[in-house]
Amino acid sequence: MTHLSPVLAFSPEIVLVLAGAGVLCFDAIWPGRGRVERWVTLAAMALAAACAVLVAMSPQLYGVYFAGSLRVDATTTFARLLFMATGALVVLSSWGGDGEGATAEYYGLLLLSLLGESVIVMSQTLIVLFVGIEMLALPCYALMAMRKHLAGAVRAALKYFLLGTFASIVMLYGVALAYGALHTISYVNGLFPDPVTLGAVRAGLAMAAFLLLFAGLGFKATAFPFHFWSPDVYAGGSAPIVAYVATVPKVAVMLALLRVLGPGFAAAYPVGRTFILIVAVLSMVYGNVVALLQDDVRRMLAYSGVANTGYMLIAFAVGGAASARALMFFLVVYAFGNLGAFLVAMAVGPDRPVSLKDFAGLAGRNGLLAGGMAVCLFSLAGTPPLGGFFGKFALFKAAVDGGYAWLALIALVTTVIAVGYYLGVASRMYGSLVQPEETGSEGVASIAGRIVVPRPLMAAIVTCALAAVVLGVAGVTLLAAAG
Amino acid sequence: MTPTLTAFLVPALPAAAALFLAVFGRRMGERSSHVAIGALALSLIASVSLLVGAFGHEGPLVHATVPWAVVGGVPIEFGLFVDGLSASVLVMVAAVATMVFVYATGYMKGDARYPWFFTVFSLFTACMFGVVTSSSLLELMLFWEVMGLCSFLLIGYYFERPDARRAAFKAFITTRIGDMGLLLAVALLLGRYKTVDIPTLLAELAKEPKAFMWMICALLFAAAVSKSAQFPMYIWLPDAMAGPTPVSGLLHSATMVAAGVFLVCRAYPLFVGADFLPMIAWPGIFTALYGAVLALTETDIKRTLAYSTMSQLGYMMVALGTGGLVAAVFHLITHGFFKSLLFLSAGSVIHGTKTQDIREMRGVGKTMPITGACFLIGALALSGIPPLAGFFSKDAVLASLLGATTVQPVFGGTLLVVGLMTAVLSAFYMFRVYFGVFRGPGRKYHESPRAMIAPMVALAGVTVVAGAINLPGLRVSLAGMLEPGVVEHAFPWLMAVSACAAGAGVYIAWESTRLRRALHGTGPIPPNLQRLYGGVFLRPVFAVSRFLRELNLDYILENLVVAPVLWLCGLASRLDPDVLYTAVFVNGVGRVAASLAAIDVTVVDGAVMAVGRAGLGVARGSGFVDTRGIDGAVDGVAGGTMALGRGLKRLQTGVTANYALFMIVFGVAIFYVAWWLAR
Amino acid sequence: MTGMVLFFAAAGALIASSIAMLFTRQFVRSVVLLAFSLILFGGLFALLDATFLALLQLLVYAGATTMVLVFVVMLSRPKVAAFSTLLQPQTGLAAFVVVAVAYPLVSTLLTLAGTLSSTSQPVATTRDLAYALLGPYAVPFELASVVLLAALVGAVYLAREAE
Amino acid sequence: MVPPVYFMVLGAIVFLIAMFGFLTRRSLLQALMCLELMTASVSLTFIAIGRSMPDGGLGGMAMATFVIVIGAAEIGMGLAIVMLYFRRHGDATTDDIDLLGG
Amino acid sequence: MKGIPVLSVLLLIPVVASLVVLLLPGRMERLIKGFTIAAVALTFGWSLLVLSRFTIGSGAMQMIQSVPWVPAIGMSFKLGIDGLSLPLIMLTSLLTLLCGIYTWRLDKQVKAFCFLLLLLLVGMLGVFLALDAVLFYVFWELVLVPMFFMIGIWGGANRRYASVKFFIYTLIGSVVMLLGLLLLFFWGPHTFDMQAIIAWGQAGKFTLQQQGWIFGALFLGFAVKVPIFPFHTWLPDAHVEAPTVGSVLLAGVLLKMGGYGLLRVSLSALPQAFAAFSPYLAVLGVIGIVYGAAVALTQKDLKKMVAYSSVSHMGFVVLGIAAANSAGVDGAAMQMFTHGIITGMLFFLVGMIYERYHTKEIARLRGLITAVPALGILWVFASFASLGLPGLAGFVGEFTSLMGGLQVFPVITAFAVIGIVLTAAYFLRTLQAVVFAPHEEDSARYEGPHTMDGTEMAAVAPLAAIAFALGVYPMLFFSIVDPVGRALATLVGR
């Protein structure tokens, strides 16, 4: 069985590659509309998920493969399942009424991008990590630009490409420096060894390498100084892809960072820890405060993404196994909440910028949509009994446990600010359900008729909302299991 | 019928009647009064039997309690406590109440809310009985305040009229202020002694340091002052006349106002122990004088009687203040009879003449002989003309004053002199009203119906006889009951002096009425009066009285209480944190931001400028409270956050190159800061 | 000794051409300068005995990418006005940052060199590289092919739709 | 034999120049060219560092290979998007696409 | 019956009911309303069962159920009930039942309203039952969302502002409180089990400095909820805009969570810090009493006046808690219960008046006694009960708190008396204007029927009865609370 184990261990990835290539070839032979490819993609994802579960059930497959370049363990399984789930939701949402946008290439690239995600999580060497990031990014640039009739799409794609490539090249330079400082680029058990063994100079260079590496990963995870691209790109890009880009890469990069830095990094490297702390605090404050000002819903969600990255970084600043577990649960909850919110924004204003005014009286126009949005937002805001609360609670508890009570306090205060703008949306949606909203300060646009939402998109939104609720009540035990 | 059961029946019956009428009153209409009067009659009989039982029985006749609540591990019991004092007062209250109830059936006939009137009236009587028979201070307070509620509802009975509403409001608030004293006293005592049972309390308190006892007395006396309308808390009594006359007849003559005096009597050993007596005497005598003087120039017949009640209560207080417990109780009982008689007859007069202004009433006596006679008997009793009850009780009060003089000549002396002056004035204002209203030529009025006349006549009879209950030699006397064994030393010459004082008052009243008629050109001018009395006695007194009426001290005192309250409320609403936040945060921070923007430093509008603006997050002069986002939901604090947000938002220039630049700049900056921090 | 001369010549030329590329106003001249600097990079690789890399660089970058760049410009005929001047708001800050980063980076590189062993050990030949690419580096190799596939499909789709 | 450290320094210098170019260039194409230059300098650094590693530059060369390959793929994709952008906006400057607003 | 986890079922009924309501079709409003009333009635019945199985007179925690929920963060689903929480549970289930009956007249968005009402019931019951710090916090926050939507959707004109302000204020408080709970975990026995924490605190294992920090954090959370003086500005806005049922539950139950928290967590687990801080707490309480009454006197809006009266009455609760002797704690518990009953009744009446006159402005409301005699009499009864007339429930709570306060802070407590007089002043002023003053030409017109309909009477009558019964014979209540009061008092050594 041993020589087969790599194939079995990586069966989900193999399925994805084959499906990706298959969809592309299939279209080359029968250039029909995107009808069949949709189902093939979903089937492939389901199969990949099944394989992942099978691999999880036979732990002897766990281990490091291909001379220390890929690792399959519990985190990988967790990542695979999450990516397949979110990927499936994105596919569902991009079914779209017009179907014009969802051509074969669209699904092919999406599958390849998903492959890139799981490669990132599984990688154990920096070069594989870099290749994984590119595999994730390139399809996104293309997908972003795919809906050409959309004025902003091409412009957003170009901006995303330029800054994305810039960031990855900067990261590459970091990899080079790391190779120079550490003589190795493999991080099977954490890239940065004990600083004492490295000696002062090489430790210094290692820190420089860490900065540049963090720049590359921070870009994808929209941490504070590296997030500037996200508001413009989210506001401009075509909806389903924006939802995908805003959620899945962030989760992948966070898990990759978890592997690269390893549990001991925070304790060993005070400079690194302080850097992450500052970035975390700035992300939280900046993200929430600026989000308060936004009128475009997707921009607001972009800034909320920045803030949530800040919360995620707490786990790195604190370090240790407990915070890693807390981070993973938070990632799941964030993924579904954020995805749901973006999809609702897409449903409210397909392929056009969506402003808060469009959400006025949404409850009257489509109850289920408003309900889904409310649940996702309240989960992101962290109100019990939704999953968001337990995610944030676990993180803050880890922070206080690690002696960073002040960090937890800042996080709590910024959460309150976050509730501010989440509530703004919720109160707009439900405000005029009973009495008509007087034309208040923002002069409510005439509330248009009922919003018709394509069935698969609504299914995706409801799934996200349900996930937030289930994660809240039952999923909490998941927190223990995910460990 | 054990005494305890009868004692329980006395308050229970009218309470039951009140409950019954509350539910079925509307349907019974006019017949609802029968229920009330029946219950009251039974209570009267029960109280008389109690009185008989209580006489000669050492120690309290009835002392039974039942657990009411357990607070902080302290069991609080409510129950009944009947001794000589309460039995005697009980009888007086029951008798007067019965008479007034009968009178009310006549007076209130045809009123729309007749059953409601008798419901509240019965509830009131039940509460008065409750106050008199309660064993624990907390229970007393409970009945005390419910009595306040009944007075609010009764005074405000004609709630269509704004003055009645105002009077009710004023009455409740003023008494409420006083009740706070009682509340604090009860809370303090319960907290310290873990019991509220009056006898045990009095025993415990005897052993207490003087200061604490003095404080408790002060608190209790505050409640008494407000209830018995002593100076300065008397302002509600004159206005309370806005209520129907039976209410004035019962509440503001015999029962409610007497409750204050009764409270002091009930806790008398405490007051004596803390030698708090002078503090009672001085306000008492001043109120007596003050009431009498104001009554002189009062034009409304009921307000005159109200000031007279205030004055007589002053008398009782001063008697208590000089150790004359028996005198006070005796005067309380007799006053209850003749004052309610006066009120009822005044009511009958008003009923006949349809006006309350004595200047418009002329010669009522001719056409309403019985009312006239009753009023005369009441007036004689009040002035203290022997052999009526008033004479004996007022004499007892003056005797106690004289007794005090023997102990402290200055203190007692002044009290006695002022007491006598007030006696003269009392006689004077009573007969000024009598002569003015009942004597001389008058229009035709027809006598009030029998239902009103009968109780008046009965009360008149009792007033004549009441003096006897405390004759020194008598075997069954009030003194015997209250202070068995204390020999009451009588001062025969004092009786003579007080009788003369009363007579002088009557004579002056007669002369002044003739003088007034003369002034109005309706009668000859008596030559001797001007020279002899006018100069010496009449002019200054009238001047003072007129001055006081213009001064309208009531209004001033009222504002003394209301002004600080309005100021406090104004301050509170300005202090409201909501207002505070907007003032401090929204405008304050706004002004700071605006000033900062004014010195808008533009160095090189290149890289440094961008970083500078972003870093500072200065709210560039834009409208500060721009309620974007959450519609300005969170107040001042949000304003600050918004400004910070607007500052940071400027980083989002939209230029790709800028973004790359910011990534590198901030990345390196944070790295250096981290390096510096963690070195 | 000749190595040193060659190195300094190439380095000087490389720096000159890259700076020139930035400051030229015509597009064609900048593309030529870019090609020239990439070729110099190939030479430098050769100097470091990385012959395969040098060849790869010449072929991929100097050749293909520059040509594609030119084709794209010619095909879509953008109104290529002369590149605007260098000066814009952020130039000052960018220059400041570059200098701020340059100094510590170069100094650490110099000190790093001290820690690294001398160049005496056996030079890795292209054969070793080949074995490595299919040995320990097999995974990135395969994944690189997938990335190329993705890029190709994306580029073709976007370009095709363009007409 | 030229000590590898010179190459590293050279790589760093060219990287910084190219980065400066990217940070300040107005034109889209210039930005792409700078990215290419930066990629090249990174691969130079990789080889230089690899050269002074005990394995005689094997790791460095392998990594440089991947850098070049992936870099090429990026530039390819980038040019496709740029051509699409030209098709729509017909202008080469990057500042045009940047006025998306904050 | 032994085996069944009684308390969990008490929570389960409303949870299941709320899910069922979600499934019912929106059109069948009568069915939904009927089902909701049935569900709430069942909950009330079950709470009566809990009352019957509760051994009165024991100060200890009873009917404890504990199921580990998230071992990873040391959290378990632990419920329990004692003399302190039982009355509040009864109050909650009773008020919600009456609110359920009152919603029979609701005709707008019925399904959503019933769902929110049941969710609110779960949250409120949960807070008083939870014995696990995180569970306490979860239910504490859970209550916010339904109340936010209730005010936001069915509220008055300025509802958006009021609902968001209510949410943010309470959230700020509870977020800091969460920090306090976390500190309790870390400095304490490393478990969220409340009983373990309280035992740890009572054994004096928290250093005073630690207690100070935790107390400060917890205090902010509870102070916003009670509300204590400087943190109360959300209450009037929330009340003015909230629908009748929202106001009743907000004033009737939500305010008590703060008081309950102070007693259950702050007093029990941090006795020394509590003793040190209690004088300031007493001062804040008395300020609340006087301030609340003073501002109420200046109010022109009937509902805002009642809201500020709540601030004033809750001042007594704070005073009682600050005294921390057995009388004080009994008084606080009693005042919380009676305030819930009486203010609930007041808000019902205000709602009924608003429905008839469509204005809450005292200046324009006239002649209620002639228009709807029953409503007029009930308003008089509620006003007198609320201003603390002895013989009615309001007095007992206030008197006991005062008694407790006088023993410990005689001077400070004496000032509270001003508040009582002012309370009498503003209630009577309003009473005379609204009920007794005759109809003028500019006052609001009302031509409707002169009687109260069935649901209205059903909502208010039980409250009036309880207010009267407890006023006349408070033994019913004190026998339950007194043992706990005595136990808590010994903690602070008063």
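Here the chain labels run A, B, C, D and E in written order, and each chain numbers its own residues starting at 1.
In the analysis below, a residue touches a chain if its C-beta (ideal position, glycine included) is under 8 Å from a C-beta of that chain, and two chains touch if they have at least 3 such contacts.
The model shown is predicted, which means the values in this text are computed figures rather than measured ones.
J.: Which chains lie in contact with each of chain C and chain D?
T.: The common neighbours are A, B.
J.: Which chain's mean C-alpha position is nearest the mean C-alpha position of the whole protein set?
T.: So the chain nearest the centre of the shown protein is E.
J.: Would you indicate which pair of chains has the most C-beta pairs in contact?
T.: Chain pair with the maximum contact count: C-D.
J.: Express in whole angstrom the distance between the two chain centres, defined as the mean CA positions of chain A and chain D.
T.: Roughly 27 Å, centre to centre.
J.: Chain A to chain B: how many Å between their CA centres?
T.: Chain centres of chain A and chain B, defined by C-alpha means, are spaced 74 Å apart.
J.: Quick one: chain B and chain E, Cα centre-to-centre, how many Å?
T.: 35
J.: Report the inter-centroid distance (CA atoms only) between chain D and chain E in whole Å.
T.: Distance between chain centres, rounded to whole Å: 66 Å.
J.: Could you tell me which residues belong to chain C and also touch two or more other chains?
T.: 88, 90-91, 94, 97, 101, 105, 109, 112, 116, 137, 140, 144, 147, 150-151, 154-155, 158, 161 - these are the residues of chain C that touch more than one other chain.
J.: Could you list which residues of chain E touch at least two other chains?
T.: 160, 164, 168
J.: Chain B: which residues touch two or more other chains?
T.: In chain B, 630-634, 649, 651-652, 654-658, 660-661, 664-665, 668 touch at least two other chains.
J.: Report the complete set of touching chain pairs.
T.: Chain-chain contacts present: A-B, A-C, A-D, A-E, B-C, B-D, B-E, C-D.
J.: Which stretch or stretches of chain E touch chain B in the complex?
T.: Contact set of chain E toward chain B: 160-161, 164-165, 168, 230-233, 290-291, 294-295, 297-298, 325-331, 369, 384, 389-391, 395-396, 399-400, 402-404, 406-407, 410, 414, 417, 420-422, 424-425, 428-429, 432, 436-438, 473-475, 478-479, 482, 485-486, 489.
J.: Per the contact definition, I'd like the list of chain D residues that touch chain A in the complex.
T.: Those in contact with chain A are residues 8, 15, 22, 28, 31, 35, 38-39, 42, 45-46, 49-50, 53-54, 59-60, 62-63, 66-67, 70, 73-74, 77-78, 80-82, 84-85, 88, 94, 97-98, 100-102.
J.: Show which residues of chain A lie in contact with chain B when the two form their complex.
T.: So the residues of chain A in touch with chain B come to 159, 162-163, 166-167, 170, 207, 211, 214-215, 218-219, 224-226, 228-229, 231-232, 270-275, 277-279, 282, 286, 289-290, 292-295, 417, 420-421, 423-424, 427, 440-442.
J.: So in the complex, which bits of chain B are touching chain E?
T.: Touching chain E: residues 67-74, 138, 141-142, 144-146, 149, 152, 156, 159-160, 162, 165, 168-169, 172-173, 176-177, 180, 183-184, 186-188, 190-192, 565, 568-573, 575-578, 581, 630-635 of chain B.
J.: Please give the residue numbers of chain A that touch chain C in the complex, ascending.
T.: It is residues 17, 20-21, 24, 66-70, 103, 105, 108-109, 112-113, 115-116, 119, 125, 127-128, 131-132, 134-135, 138-139, 141-143, 145-146, 148, 180-181, 199, 201-202, 204-205, 208 of chain A that touch chain C.
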